[in-house]
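Heads up, the next two complexes both have chain A, just with different partners, chain B and then chain C.
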Partner chain A sequence: MKGRTPFTLYGLLAVMAALAAVASFSGVATTVLLVNLLVFAALAYSINFITGMTGYVSFGHVVFMAIGSYSLAVLVSTYSTSPFEGIALGALLGGLFALGIGAVTLRFRGVYFAIASLVLALAGYNLVLQFPQFGPGGELIFYIPFQPLTVFFAIWGIVVAEIVLTFFVNRGKVGLGIRAIKDEEDAAAAAGVNPMKLKLYVYMLSGLFAGAAGAVFAWSTFGVNASSAFDLTFSLQMLAMILIGGMGTSTGPLLGASIVYLLYYELLTYPRLQGGQFLVVGAAVIVIALFVPDGIVGIIRRKYPSLKPVIE
Partner chain B sequence: MVASYFLSDPSVLLSDLVFGLLLGCVLAVVAHGLNMIWGVVKVVNIAHGEFIMLGAYGAYFLNLYWGIGPLASAVFDAAIGFLVGYAFYYVFLHRELRGKETVSLQSEMVTLVATFGLSLVISTLALIIFSGNVVGIDYDPGTLLLGPVSVPLGGLYVAVVSILIISGTYLFLERTFIGAAIRAYSQDVTATELIGANPAKVASLATALGFAITMAGGALLTVFISVGINPLMGTLYAPISFVIVVMGGPGKMWGSLAGGLTLGIVFDVLQAVATPQIAFATGFLLLIPVLILRPEGILK
Partner chain C sequence: MRENRVGLTTKATAIIVLVILVIVGVGAAYYVTSQQGTSPPSQRGTIKVGFSISETGTFNVEGGKSLAGIRAAAQWINDNGGVVVNGKAYNITLDYYDDASTAGNIVPLYTKIITQDNAQFLLAPYSSGLTAAAAPLADQYHLIMFSHGGASDSIWAKGYQNVFGILSPASTYLKTAIDYLKANHPNDKLAFLYANDAFSIVVGAAAADYAKAQGLTVVYNSSYPATVTDLSPQLTAAKAAGATDLLGGGHFNDGLLVMQQLKSVGWTPSFISLLVAVTEPAFQQQLGASANLVTGPSQWETTVNYSPSAASTAGVTYFGPTEQQFATEYAKFDSTGATYHSGEAGAAIIVLADAIETANSLNTTLVRDALHSLHIMTFFGQYQVDSTGKQIAHAMVLDQWQSGSLVVVAPSTATTGTVEYPYTGS
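On to the complex of A and B.
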């Protein structure tokens, strides 16, 4: 693996550079569309660190997103700070909460981890409603100038950081250890890998980036409210994106995010198909999970092995 | 506030306790189908809540068009659930489980994610077909007064049926040949073949039974909680069921009752002394210490 030219990384960064150019030189509508797309991509890369790499399904991933959203909303609405401080706090708290939660829940294998994460998201939702600091009904709204390009570059920077980290984690020693855990955790432990440490490390990364992405999401929507911040369908969308793209890979999340987002965006524009996007995404998740669990990247890998250095 | 509650009129306290116990029995039967599938086939159906919802709507429509009471509707629901369970097994589980000794992490992930997708598809379809309106069944058998303590009769009926179903499944698993085959499957797939049963048939039967109980549970739920039938109700009852099954220990039939009663009392007492939010948050978070301290469930 070492020493090979990182074509995949160059390719992904070229795509990101192209997106930055498009956002800079086109109208507000396009920029807003790209902001939403990159928020999806940032969330996809975030859940990819834990679920894609280790196979631990995080149903409650929306919790870290909510932590980021509330961090930014509380700072901006109550303390009138700049949104960037909100993103920094969101990332910090997302990472810290992931460390704390992961130290307990990553001990549970398989379904127990998945259910513990789900239950935590529901408990979080109920707790937010309990505190007046998070607004009536958990709703906080703030009024700041509309700067789509600034928001774009904030989320753009986050996604670039995620791409680079995903690539190097996958390539390095950590990635090797993590793949060993995914295959057979006990054997990995016997071979000298410390599964808990590695899982905690990627979970922390995952929480950190979900927090940052959640903060930008709140910024782009000028507020947060409890029922959408903890909406479990966000978790499903995140899972759908990495599942469709290809779990654990560095290209999969961007690919999957683009597909899921455009599907949503396109289907949402027809009023008669309201709600139809959930049917399409839900059905796609079922079919892909059952029949092609390694997603589009997996299909390409099997059909065109020569493309391997470009997609992994 | 807490102290004043416990110092208040003991009959209020007793009525609350009775209500909590009845609620616990209802929640137990709602979770029992999941317990069966999880315990035997070792797969968690994330769409469990959506099948409870379908069971509740089944009771609602049977009542609306033919005036059938929710208790009788549970029988219809169970029959439909049995067939749905077979279909579910062959579509979602058979490919992953066939010829395997244990459920691999990969299969576990596949079934979790696929059933998560299923829950989204079913609840979206339900929203389109049934609309988002909350409906209820006009069924109130009244209250039984035992001295100063009031016992809602609807809750009492469901509690009795719930305990009958749970003890019925227990006896079925312990006393019949098919039950023995199901228990064999849950411990060791090869052992099922050794006693002369076909593993796929055993697993699909257990799944079908689990679905029958789940959908009947949805109907029974409406007897006690007669309002609040809506397409998204599954998002509440699925996590409640997960917590109950983990608390009781997957595959232990009486575990559903132990978990349900614990959760019912926690919900009820905390709602009285604190807020519904605190009650729900605590009930859900109970799962974490149980997983740490007694991963095999609270029952021996």
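On to the complex of A and C.
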């Protein structure tokens, strides 16, 4: 396994290089569109670490995104720091909170973990409203110059890091252990795998990257608001992206995010199709969950076995 | 073989020619139809106003009303000579997209509106949060933007050069009610109880401060979660503190809850003023007699009396349609009637038209200067901004339910009736 040429990684990095070129040399509207696409891709990769790899469905994953959003908003609006410091703090706090929360909630399994994560998001929303540091009613607005290309390369760097990490986690010993947990946790434990340690590790990665992506999201929208920061629609979109792309894979999150976001944006800008975004994505999720649970990556790998080394 | 090949080629050529003819025919028909649609042929120029609006998502109701108001105002301008600059008339054209009430959609849509659709002027989206996401782009691209649905005071504290407010900021929502109490019942003791969402908390906290500054006695000041299901402890505490009047609220459901639980805690304040809920017809429908004499602030009502004569009395110029003309035009776009969201959004177009004519130019800098110097009245009320672009002349109106009708009772320039005091609970 170790000796295999990482064609998938090369391919994904080539795609990212192409996106960087497009963002650098195209108009600002395209750059901004790519920023949003990559924010969604970053979120999809983040939830892929826990839900895609271990099968633990994190309905309340938006809470880590919100932690990142508030980290950046507080630093920029209150302390006038650089947005990059906000991203660093968002990532740090996202990872730390994931460790703390995961130490308790990852002891639950199946639907109990999903409900616990959901409750966390609701609790986070109400908690934010109690602290004036998060703005009146949890709303912090800041004004910094609009720099689409800088924001693009910030989120681009985060997604590249996620791709590389996802690839090596999947290929390494950790990946083997995680797949064993996903298949049968008790059997994995009996075989010498430490499920709690591995789950915490990927959950920490998951929280860290969701925090970083949330911070970039706040940067790109010039503020944060409690009701939208903890909007569970984000969690559902993240889940839809990895389900459509391919859960636990290295290619699936980028593929799923591209399909879901571009479809969403296109439907948004065609007057007659307004409001149909979630209907279309929902229908796609149902069809894929029913007939091809391993997503588009799974379909390709089954239909074209020769492409298996290229699309993992 | 050769004959066959020739035959196939001829057939293929015929098909290609046929396809081309069909395409050309359909294209020509489309062109002719589209030309017929733009009647009558006009020598006018166009002014493109771009914006996103919430046609779907959380703010779909407010967004729909705002959009109808914008369309009605633009149509009225176009039907009444357009916007005249240097002797040439311009029609206002609208370039808009649904933002699905989502902050993440704002920057991509406004970038498209500005850089690809080449809008010349901008309207902000509905709500403060979405306005905050769009405002930096107005400054970056040096375009005027009107905020018609973002009431948060913080928008005006960011140093934007090109963002102008049409509506009264959140901090002034309860000012008219407090002014009434100060003038008529200065010895009342006030309780402020409001939701802790971004909008209500600014309104409530600013109102309590304003009441104290006016010398009124505030005996209770507290907020509650927006999702509250029981307010009896807070109402009991306010009553125990000796409050005679209750001001605050947040949204429709908690407004109803306040009214229902006032009965259960046995408190009948002399004066009640609640945000948002009171101006909804459902408030009166659901509460019946206990809604009678309850007051609530509103940016605008269709019954307000802003008119050329009111403008003359106030010493300012009146511009745009009268209240009745706006209502007639509005009905073409929304048969369910205008709300204050419709009024404030429509007024943005009217003020823009006046500013362009005053500047006699489409140049952003000149129009911006005009917007800073304008002090006018429209069907929505007065317009004048401070140096930050924050609205300072528009007054909130105070509504009161009186025998099943919503009556505008303050300020004096807009009233259709007088305040009835005290509230009796039935």
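To be clear about the criterion, the second predicted complex is superposed on the first by the 310 of 312 C-alpha atoms of A that agree within 3 Å, B and C clash if a C-alpha of one lies under 4 Å from a C-alpha of the other, contacts with A are read in each partner's own complex, and residues count from 1 in each chain.
Here is the rule we go by: a residue touches a chain if its C-beta (ideal position, glycine included) is under 8 Å from a C-beta of that chain, and two chains touch if they have at least 3 such contacts.
Quantities reported herein were computed from a predicted structural model and do not represent experimental measurements.
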Open item on the list: Touch test for A:Leu129: chain B only (first), chain C only (second), both, or neither?
Closed with: both
Task: First, second, both or neither for A:Tyr265, with chain B first and chain C second - done: second
Open item on the list: Quick one: is A:Ala73 in contact with chain B, with chain C, with both, or with neither? Answer first, second, both or neither.
Closed with: neither
Open item on the list: Just to be sure I read the superposition right, which of the two partners does A:Leu89 touch: chain B = first, chain C = second, or both, or neither?
Closed with: neither
TODO: Quick one: classify A:Pro145 as touching chain B (first), chain C (second), both or neither.
DONE: second
TODO: Residue by residue on chain A, keep only those touching chain B in one complex and chain C in the other, then list them.
DONE: 126, 129, 275
TODO: Quick one: which bits of chain C touch chain A in the complex? Just the residue numbers, please.
DONE: 55-56, 58, 97-100, 102-109, 111-112, 115-116, 128-129, 132-133, 135-137, 140, 152, 154-155, 158-160, 196-202, 205, 225-227
Open item on the list: Touching residues of chain B toward chain A in the complex: what are they?
Closed with: 44, 46, 92, 95, 105-106, 108-114, 116-121, 124-125, 127-128, 235, 239, 242-243, 246, 275, 277-278, 280-282, 284-285, 287-288, 291-292, 295
Open item on the list: Applying the document's contact rule, which stretches of chain A touch chain C when the two form their complex?
Closed with: 27-29, 32-33, 35-36, 39, 126, 129, 135-139, 141-146, 148, 217, 220-223, 225-228, 265, 268-269, 271, 274-275, 277
Open item on the list: Touching residues of chain A toward chain B in the complex: what are they?
Closed with: 51, 55, 57, 59, 104-105, 107-112, 114-116, 118-120, 122-124, 126-127, 129-130, 182, 185, 232-233, 236, 239-240, 243, 275, 278-279, 281-286, 289-290, 293
